[in-house]
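Shared chain: subunit A. Partners: subunit B in the first complex, subunit C in the second.
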Partner chain A sequence: MQYLLDQVISGIAVGAIYGLVAMGFALIYKATGLVNFAQGEMSMITAYIAWSIAGTVSGNPWLVVGGALAASVVLGLAIERVVMRPMLGEPVFATVMVTIGLAVVLRSATLLIWDAYPHALDIGAGREIVHIGDTGVRSAQLAVMATLLLALGAFWAFFRYSRIGKAMRAVAADERAAKLMGISAARIHAVAWTASSVIAGIAGVFSALLYDVSPNMFHVGLKSFPATILGGLDSVLGSGFGGVIIGVAENLAAGYLAPSVKEITGFIVIIAMLMIRPFGLFGEREIERV
Partner chain B sequence: MSATSVPAETALSRDGPQAQTAQARRGSLEVRNLQVVYGSAIEAIRDVSIEVEPGQIVALLGSNGAGKSTLLKAISGVLGEEEGKIESGVISYDGVDVTARSADEIVRLGLMQVPEGRRLFAPLSVDENLDMGGYIADTRTLAKRRAVVFELFPRLAERRRQISGYLSGGEQQMVAIGRALMAGPDFLALDEPSLGLAPIVIEQIYAVIRRLNRDLGLTVLLVEQNAQRALGIANYGYIIERGRIVFDGTAAQLEKNADVREFYLGVSGSGQKSLRDVKHYKRRKRWLS
Partner chain C sequence: MRSGHFKERTEQLIVLSDSAPVWAWSAVLVVALAAAPYLLNAYLLSFVVLILITATGALGLHLLTGRTGLISLGHVGFLLLGAYAYAVPVAKYGLSPFVGFALAGTAPALVSVLVGIPSLRLKGLYLAITTLAFSFIIAHLVLQMSWLTNGARGIQVPRPEMFGISFDSDIRFAQLCLFVATITLFGVLNIERSRVGRALMAVRDNDIAARTMGINLQAYKLRAFMTSAFVSGIAGALFGIYLSFVTVEGFPFLMSIEALAILIVGGLGSTLGVVFGSIFIVLLPEVGRTALSLLGENAAKLFSTGANELRSVLYGVAIILFLRFEPRGLVGLWGDRKRLWVNWPLRF
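Coming up: the complex of A and B.
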């Protein structure tokens, strides 16, 4: 029983990281209709920047987090402006290929700027063990769960109440009609890329805190993609929950079946999912009535 | 008018009636020798010139594929979505050359379009659709304009929290018009507002269009296949065929013209269809039933 509980709790923590990255996928898909294959790489770049900041100013977690957030904003804006905006109006397939190219470029850039060895990210916080019942949890694990909850709440309110959030849903529903209302699709896309980069960056920093900073970190993107499919590619909140489900499923499969099953669990879950509900658990079915 | 109640025209226009009377009335459109080409190969409209004076209702009539919607898209600056391009010609709105302006700039100038097929934001509620129509306005103005829209379409007030994609066709058309009004336009371009609606609903929609023109002073460009309806409320009309304006005149002139009567109003020159046509029609109907 205790073993199960341990597995579930650490599964939720990993799942929260997947969930955050998955929300980034869904956000870009919802606003622009694209799957961004560079999501994991964006999260890796921010983690590396956090590591660089932590190496310069040691012992101030707030400075590291603030710097990483600022860097992720700049990264998101820059990618949208330099890489994605020129592709506006081009076929979706070509644009998605561009994100794959971007992923490769970001991966190589990481190796060029930093190095190929894993490093521990030490920001002077996050390693303390907190006991919940008999289960010991690191404070960073608790923090990432809290962050996911916070992000879910924030995005729920954003889509429901804010002008930009509603406009994002409008652009997703009908881009030309949105233009006729005076909504600038390019601006909405920029907001989506920035927000997506920020939550991917947060996930990257947590991942670095719980494991380490390494050039393989972009795998978090691959592992979060099933979470987005599970939750619904167009559902930002569903993707967040999807991450938690995938994280727990992975941990249980590794703990009870075999550690080697862990890597493929997420993909088995989505294959099953796609057969039952192809639009995901929380995805929107197209409204048919015209 | 009492000082406490907000007159509809104050709530809808962007700076109130004082500004309207101080300067020339707004909402004039002039299209000169417009040529639009799709995918740099297909010429959709050629040498089209139309003029809409402030406060008028102008009808643009034509059959499917004649170029009506293309003209409206060009006016609203959304041709780019379908690889369309203005090759030559000028579109000016209130004396401003808007040929190369972006869609949101044109909306800010006060020209709104109600697109063909309504194109609501289906997953959004009625209220949220209206909010998006007033995307360029501030919250306080939105509340005032929303009240005007609900006064014009009381049905929408009942349905405001419903998902717009599940409304009936007539209600969706009301949302589409209400959504456009939320931007506080001086000029409203309506693309086939009667498409696919029941006659009684068309009647209601047209009553509102007439009211918007008469009471609120909106200039209206009415694009229609339903010529009889459109000429019923229009001051002036243009007929577009295969991308060219082939005829124009006052509504009365159009209604009197023999060709227009035959091709657009379904009345043949002799006044009575020949017996053979009638028989043929009946026969075909029997086969179909």
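Coming up: the complex of A and C.
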């Protein structure tokens, strides 16, 4: 029983990271209608920048977090402006391929700028063990769960109450009608890319805290795909929950079946999910009209 | 200026090429390629071999993505399966290379049905994600089934001996690759001008319209999947022989991207483009290295330390730049040059 509890709790913590990245996927899909294959790479770059900042100013977690957030905002804006905006109006296939190209470039650039070895990100916090009942949890694990809850709440409120959030929903529902109502689709896309980069960056920093920064961190993007598919590609909140489910499922599969199954649990979930409910648990069913 | 280009019968419309110069130049190219192994040194020959193998594999993806419009991000899965389907029976159980090549084609084709059937309900991005998941699962299974595949240690693959000819020397192996690539190219060109090829194109351009014209979507999509997997599997087997060692690491996920990059750079949907794209993508790292070495000592050193990374950066940048500035690809540029040549000094 204790074993199960341990697995579930650490699964939720990993799942929270997946959930945050998956929310980034869903946000971009909702606003622009394309899957951003560079999501994992964006979160990796932010984590590396955080690591560089932590290396120069040691022992001040707030400075590291603030710097990482600022870097992720700049990264998101830059990618949208330089790479994605010129592709506005091109077919989805071309645009998605651009994000794949971008992913390859970012991944290799990380290796060229930093190195290929894993490093521990030490910001002077997050490693303490907190006991809940009999289960020991690291404080960063608790923090990432709290962050996911916070992000879920913030996005719910953002889409429901804020002007930009409503505009984003309008663009997602019908881009042309939204433009006719005076909404700048390009600006909405920029907001979506920035917000997505920020939550991916947060996830990256947490993942670096719990594990290490390493050039393999972009795998978090691949592993968050299942979460988005599970929750629904166009459902930001659903993707967040999907991440938690995938994280727990992965840990249980590793704990009770075989450790190696962990790597592909998510992909099996994708295939199963796409066969049963391609639009996800919380997504909107696509209806095709001739 | 040429004019009066009339077509009166169906055969004239679907003929491979109706122009004598094209046939003549193709013959020249075939002769040149056949002579190349004897004229080039080992270093240049290895590029020719790599281009031929890459073109074969990319033609496989072209049937699926370029012709039928089904995006696959898991192409490397088929290559990997093909390589292992050749390596296991030939290198491990000592069977004839014929069996190896037959399995290298049929095993991926059969597995592609497993991927294809669930994918029939999916479109576009969802299909891409499914195939992506599939390629990771395949790599995982290959690593896990170490009783058959030696797991992470890999299998050493000897050069084959067929028809009483040993393909051990580089020259003979280049000829084998040339043979396979030519057969594949002709096969693909002929599929394209048949009923099947036109049906696939119709599925790509508008599947609902294709359906109302009486095209069985499921059957044709599956056929595209199987043919594509078959061709890719053969290319995978050749690549395994070329590397002389088959491991999962020898077939990284980057190869799926590389294959898509070839299609995009060449011009999506064009068979000639696949050939152009393969040449471009295979030579790109080499050209990049030469360009960097011109920049000076330090830049050249950068390439020797981060060769793989720079190669990936070049692929990525090539994909982005082509999509942004020349979506028609190299074939589009080629067409412009040809038109300029024919029409000069007039513009049209």
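Just so it is clear, the second predicted complex is superposed on the first by the 285 of 290 C-alpha atoms of A that agree within 3 Å, B and C clash if a C-alpha of one lies under 4 Å from a C-alpha of the other, contacts with A are read in each partner's own complex, and residues count from 1 in each chain.
The rule is simple: a contact is a pair of C-beta atoms (placed from the backbone, for glycine too) under 8 Å apart; a residue touches a chain by one contact, two chains touch by 3 or more.
Worth saying up front: this structure is predicted, and the values here are computed from it rather than measured.
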Clash or fit (per the criteria above) of subunit B with subunit C on subunit A: fit
C-alpha centroid angle, subunit C to subunit B via subunit A, nearest 10°: 90
Partner chain in contact with A:163 - subunit B first, subunit C second, else both or neither: first
Which superposed partner A:89 touches (first subunit B, second subunit C, both, neither): first
Touching partner for A:284 - first (subunit B), second (subunit C), both, neither: first
Comparing the two partners subunit B and subunit C, which touches a greater set of residues in subunit A: C
First (subunit B), second (subunit C), both or neither touched by A:264: second
A:4 touches, of subunit B and subunit C: first, second, both or neither? neither
Which superposed partner A:173 touches (first subunit B, second subunit C, both, neither): first
Partner chain(s) touched by A:181 [first = subunit B, second = subunit C, both, neither]: first
Smallest separation in angstrom, by C-alpha atoms, between subunit B and subunit C in the superposition: 16
Set of subunit A residues, in rising order, touched by both subunit B and subunit C: 290
Of all residues in subunit B, those that touch subunit A in their complex: 76-78, 80-81, 102-104, 107-108, 112-113, 115, 117, 119-124, 128, 131-133, 135-136, 163, 165-166, 179, 183
Complex interface listing, subunit A residues touching subunit B: 89, 163, 166-167, 169-170, 173-184, 284, 287, 289-290
Subunit A - residues contacting subunit C, complex: 34-35, 83, 86-87, 90, 92-94, 96-98, 100-105, 107-109, 111-112, 222, 225-226, 229, 233, 260, 263-264, 266-268, 270-271, 274-275, 278, 288, 290
Residues of subunit C touching subunit A in the complex: 71, 73, 118, 121-122, 124-126, 128-130, 132-134, 136-137, 140, 143-144, 208, 254, 257, 260-261, 264, 268, 302, 306, 308-313, 315-320, 323-324, 327
